[in-house]
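Quick one: structure below, then a few questions.
Per-chain residue numbering starts at 1, and chain names A, B and C are given in the order in which the chains are listed.
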Amino acid sequence: MLKKVGVVAVLAALCSVVVATTAWGSAKPRTLAAATGSVKCGKKVTIGVAYPETGPAATLGAPQWDWANFAKSTWNKSHKLKIAFVRGDTQLAGNNPQAVQVAHAFASNGKILAVTGPAGSQEMEDTASVWKGASIAPVSGSETRVALTRALPGTPRETTPGYFFRTVPNDGQQGDNVATFIHNVLKKKNVRIIDDEEAYSQGLSLQVKQDLQAAGATVTTDHISQQNPDYNSVITAIPHNTQLVYIPWQVPAMAQQFYSQLRANGDKQIVMGSDGTDDPSTFKGAGSYVSGFPVDTSASALKSFQKAHNGDPETFGLPTYTSVMVNANAINNACKAGHGKTTRNAVRKAVAKVKLSKSLSLLGFPVQFLKGNAGKFQGPGDMGGAAAFGIYQIQKNGAYTRVG
Amino acid sequence: MHHLVLFNIIDQIRSLGWPGAFSLLRNGLVLGSLYALIALGYTMVYGILKLLNFAHGDIYMVGAFIGYGVLVAFGGALSPTIPIVPLIILMFAVSMAGSGFLGVAIERVAYRPLRTAPRIAPLISALGVAFFLESSVQLLTNSAHYLYNGYQLGGKNGNFGPLLNPVFTVDGIPVTVVQTLVILTAVALMGVLVYLVYRTKFGKAMRAVAFDREAAAMMGIDTDRIISMTFFIGSVLAGAAGVMYGLYLGDTYFFLGFLFGLKAFTAAVVGGIGSIPGAMLGGILIGLAESFSTGYVGGQWSELVVFGLLIGFLIVRPTGLLGSHAIQKV
Amino acid sequence: MSDTPDTPGPPEPPPEPQSSAESGPKIGVDSWVASHGGRSGRSGPIGSISRAWESIPDVARFLAFVAIALSLPFWLLKSEGDLFNFGLFTLLFIGMGLGLNVDVGFAGLLDLGYVAAFGIGGYAYALLSSGYYGIHWPAEVVIPIAMLAAVIPAAVLGFSARRLLGDYLAIVTLFFAEAFLVFTNVSNPTIFGKGITGGANGIPQADPLTFFGYQLTSSKQLYFFLVGAVALVAAALYFANQSRTGRAWRASREDPLAAEVMSIPVNRLKILAFIFSWAVAGLFGAIYVAILTSAVSTNYSIGLLITIYAVIILGGLGSIAGVFVGAIIINCVFVFLEPQTDHPEAKRWIFYGVIILLVATLKPWYKAVVLCVGTIASGFIVHAIVSATAGSAWTSGKTVAGAGWLSHWVVIPKVSHGNVNNLLYIGLVVAVVLVAMLKGWWRIIALGPTIYLAAVVWENVLTENPGVTAFILFGAMLVGLMIKRPQGLLGTARVEIV
């Protein structure tokens, strides 16, 4: 009896395997439904927002969601075509590779015409083929890896041109900027870089290290996990003749804590953070430097956001606002061109053509996407023109003043 | 490749010299005191219920938040409305009480009904409680990070306050008030615990219940009450550790209990789980190991070194440093 | 009754347990008492369902599952997103659960390092079938290599851990898993010119599964392939369980010392259980990476381990059918509760449905009725009080999606206030703790307003944060499950001999 069971089971399994490998095509890329169907614009259109709502990186996702909502309410107040969101929890660095699940869910949801997010560069790596098969070009506010838009020697381009855009300058641009500032303006020759073992941090660290070493400076590196708050031993290990410590981290509170512990230890090195630590309400170490968006802090939109969020500008989420605006504008334009009806492909092409003025983008520079390579690190999908980070110095009263 | 790494380490040791070594020793002792306090909670609960309470790290996290709440209720670190010493005492008191009651509540709701269930049931229940606590705090705080700014407590205009004054200096390396506070408070609390467990009647009851619960019940000891008190004491210690964490390391958020709890749990195991002096010893050892390996080997290998040491250690000496062999009955 | 000392009457029957029928673990120290539930049978509709289920022979159940699974892409999971999220991931969880079930369920070891095996299999596949080193071996060669790669640390760990009892083994395996994470994410030693694990970025762009020239690229193909793989593994493990080895595993699980005395080589069996378990993990790890097209260390976190544990515990340790049931329930509910599954009204009904179900299990029936009435009444009372005292701004809000009529019962303010929401949530947790501590009629009375408070918190707070809600419910589910039924849905009740 058991033998019969065994035979039947094996046969059933083999059947399904054979069926799988021979039927339903073999060389087609992942086929997805609702890819090219036409969607009526009507009164409301849907944008998918993918961000880490839960998981260890939830601290980064919350500002993105807050700014996305702010963008939605700002847009809906002044436009006839309203936007609605479908959220996707991508749980960056969390449980499952939910980013892929989110990508498939969004791709199959016929209502979604455009996508804001996802947040992590490695998430884009996994989902690029899914988005391409669904004819969606995600517009991300925080994916900064250079290889997503520009092929460099040794690292091929990871997305197809026209299928990915980002409203944030990439690691190459930021790292280059920072290294130039450190070397030319601050004239520091002995630098230590401490990264927090996340992909964002390691990308920046590598770029800055390469640039500084090429300019002749001495660079040492160290790492500390984002979940380990005791910086004392890392601080002790800093070589005596280090003049500047660069911390390309994602959480401003940790940067502030590092600064406090460094000074408490009696060390006098200058601290420099990346755009992830750009937060005037938290990171207040006087004399430190930060790279961040050249945001116009007097802009009324920024002020009303701060009022609604306890004075916290949550600058990490600012590019997500821009990304939602880009998507909304693209859908609006595509709907007008299609006379009330549009497809994902049309929206995708419209995204490439969107132009936002400085006051609309809130980033301190107008937004316009590149069609080809530009500069050392930019490629199609990056923002062109004046898009760059500024370097800020933190004053004694906590204010940020632009110095580079 | 290996000799390169070894040369780097020796180089690093030489370049940091004696001041560096003392600094790492100091860091390790302070960190180790925190680990020891949390490890005590793990080991006491294991001794009495044979339960690995995975939710303990989250009680520590809640303790840190309660301390932060008290701090903010009295104006925050930069402009406190009452003098610092009463403020700190109040933070400790409220946080310890709050964590203690939280621990007791968790025991009543999640562990008591599972007293007689197979051992994996309370383990899974503990995991469930841990998830629940982390996600609840995440919901309540909107995943934000909060800073105690303990170094600026009592300082003028955002400068460093008295907590950072050096108590004594060795070779140019200061040992600050806050670090001494952490070590002394930890030692004091551990002293009180040792007195409680080994010199009082209540402690005798606790040891009896840990040894053989049925026999203790037959001797007239109210095991339920003793178990609740054990959880209370363990959680009180975790709450105190939470406030110390806030004052010394500062960055409070919903996920902070996870890695800390794991390392403290390691400490409890290395010292011999179920043994109170073992937990203290284990905590200090893990703190020192982490500090020295971060300083000499570098951040990327330090965790691996610590974990590797532990695996090796357990394989060589399976019951930990001061643990006792469990007698297996047929 | 006679009370003369020389002719004692028959002993009185033991008193009936106070709690409602077969809830909670049995008091007693032997398995005869523990299997009380299995002997007397469960009453009512659940009893007849479970009896019907048990009367179907294993083979028929297995074939029925395979048949239904093969048919799903045609009627239930027609959309590709649904097929991917609900179909593929459920099957992956079944596969992972089957592996873990071998050493935790069959052999009774506490293995907390399982995700490391999963990761090793995945990384092996990614290294050998991608552009990273330029090696593009076909899947039929790489998958056995991946399984072997996962088996080697299993053998080493099993061998070195033979002196470790239960909890210590758990700790060593847990540290191995953490060490694996640190090694792949940070340490990343440079071998053959590149960091072998790719660091935080992992190894990207792994090839799709290629068997003898056929590439599996679409979700449908992968789904059918996975059904076949899962069926094969389940059948193999079923036979392993029925064999002498399986019996030996069970013996060493129940009482290792007695098994050793009966000449069963317990240490060798432990190592064998590890090897089987981690080999299955290696297999599904490779398939996982092929589906996701990259191997990143953050995919193999402790959170994933806990989810797989939840799967096998929910289904019942040691039961293969239980793994299927557990995986289906956990993955489908989780994915359904996630915000990207865009059906907010349905999620609300799941919440209310579960509450109604739980209330309905109260015995006797009048208790359930009293509770319902009490909940609804307290709701209306609170609603009336709030709208009378605090003004309509506090009750004129709308529910997040659909069921607008609920706003007449549940207090939903027009503008949500963060502090009030936090207080409500904490109040709910305190209320639940109080309910757990009360007994009898007091419990029923306290339960009414608590359920109403839960509804208020759901509408105001939890639907705004669906991702976090899924985790809160997951944690609460684990606790509730252990309290109510620690042996899981299809497991057998056990009592440990201490």
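Just so we're on the same page, a residue touches a chain if its C-beta (ideal position, glycine included) is under 8 Å from a C-beta of that chain, and two chains touch if they have at least 3 such contacts.
Computed from a predicted model, the values in this text were never measured in an experiment.
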Looking at CA centres, what chain is most distant from chain A?
-> B
Hey, which chain is the most central one here, using CA centres?
-> C
Comparing B-C with A-B, the one with more C-beta contacts is B-C
When centres are defined as mean Cα positions, the distance from chain A to chain C in whole Å is 32
How many angstrom lie between the CA centroids of chain B and chain C, rounded to a whole number?
-> 30
What whole-Å value do you get for the distance between chain A and chain B if each is reduced to the mean of its CA atoms?
-> 35
Residue numbers of chain C (touch at least two other chains) | 186, 465, 468, 471
Enumerate the residues of chain B that touch no fewer than two other chains.
-> 135, 138, 142, 299-300, 303
Find every residue in chain A that makes contact with two or more other chains and list them.
-> 54, 58, 197, 223, 225
Chain B touches which residues of chain A in the complex?
-> 54, 56, 58-59, 61-62, 194, 197, 222-225, 227-230, 232-234, 236-237, 239-240, 251-254, 256-257, 260-261, 263-266, 282, 284, 286, 398
Mind listing the chain B positions that touch chain A in their complex?
-> 12, 15-16, 20, 23-24, 27-28, 30-31, 135, 138, 142-147, 149, 151-152, 158, 160, 164, 172, 174, 176, 245, 249-251, 253-256, 258-259, 290-292, 294-296, 298-300, 303
Of all residues in chain C, those that touch chain B in their complex = 24-28, 104, 110, 160-161, 163-168, 170-172, 175-176, 178-179, 182-183, 186-187, 189, 255, 257-258, 261, 306, 309-310, 313, 317, 418, 422, 425-426, 429, 432-433, 436-437, 461-462, 465, 468-469, 471-472, 474-479, 481-483, 486-487, 494-496
Contacts from chain B onto chain C in the complex sit at residues 1, 50, 52, 105, 108-110, 113-114, 116-122, 124-125, 127-136, 138-140, 142, 262, 265-266, 269, 273, 299-301, 303-304, 307-308, 310-311, 314-315, 318-319, 326, 328, 330
Quick one: which bits of chain A touch chain C in the complex? Just the residue numbers, please.
-> 2, 5-6, 8-10, 12-17, 19-34, 48, 50, 53-55, 58, 86-89, 91-98, 100-102, 104-109, 111, 121-122, 125-126, 129, 145, 156, 158, 197-199, 201-202, 223, 225
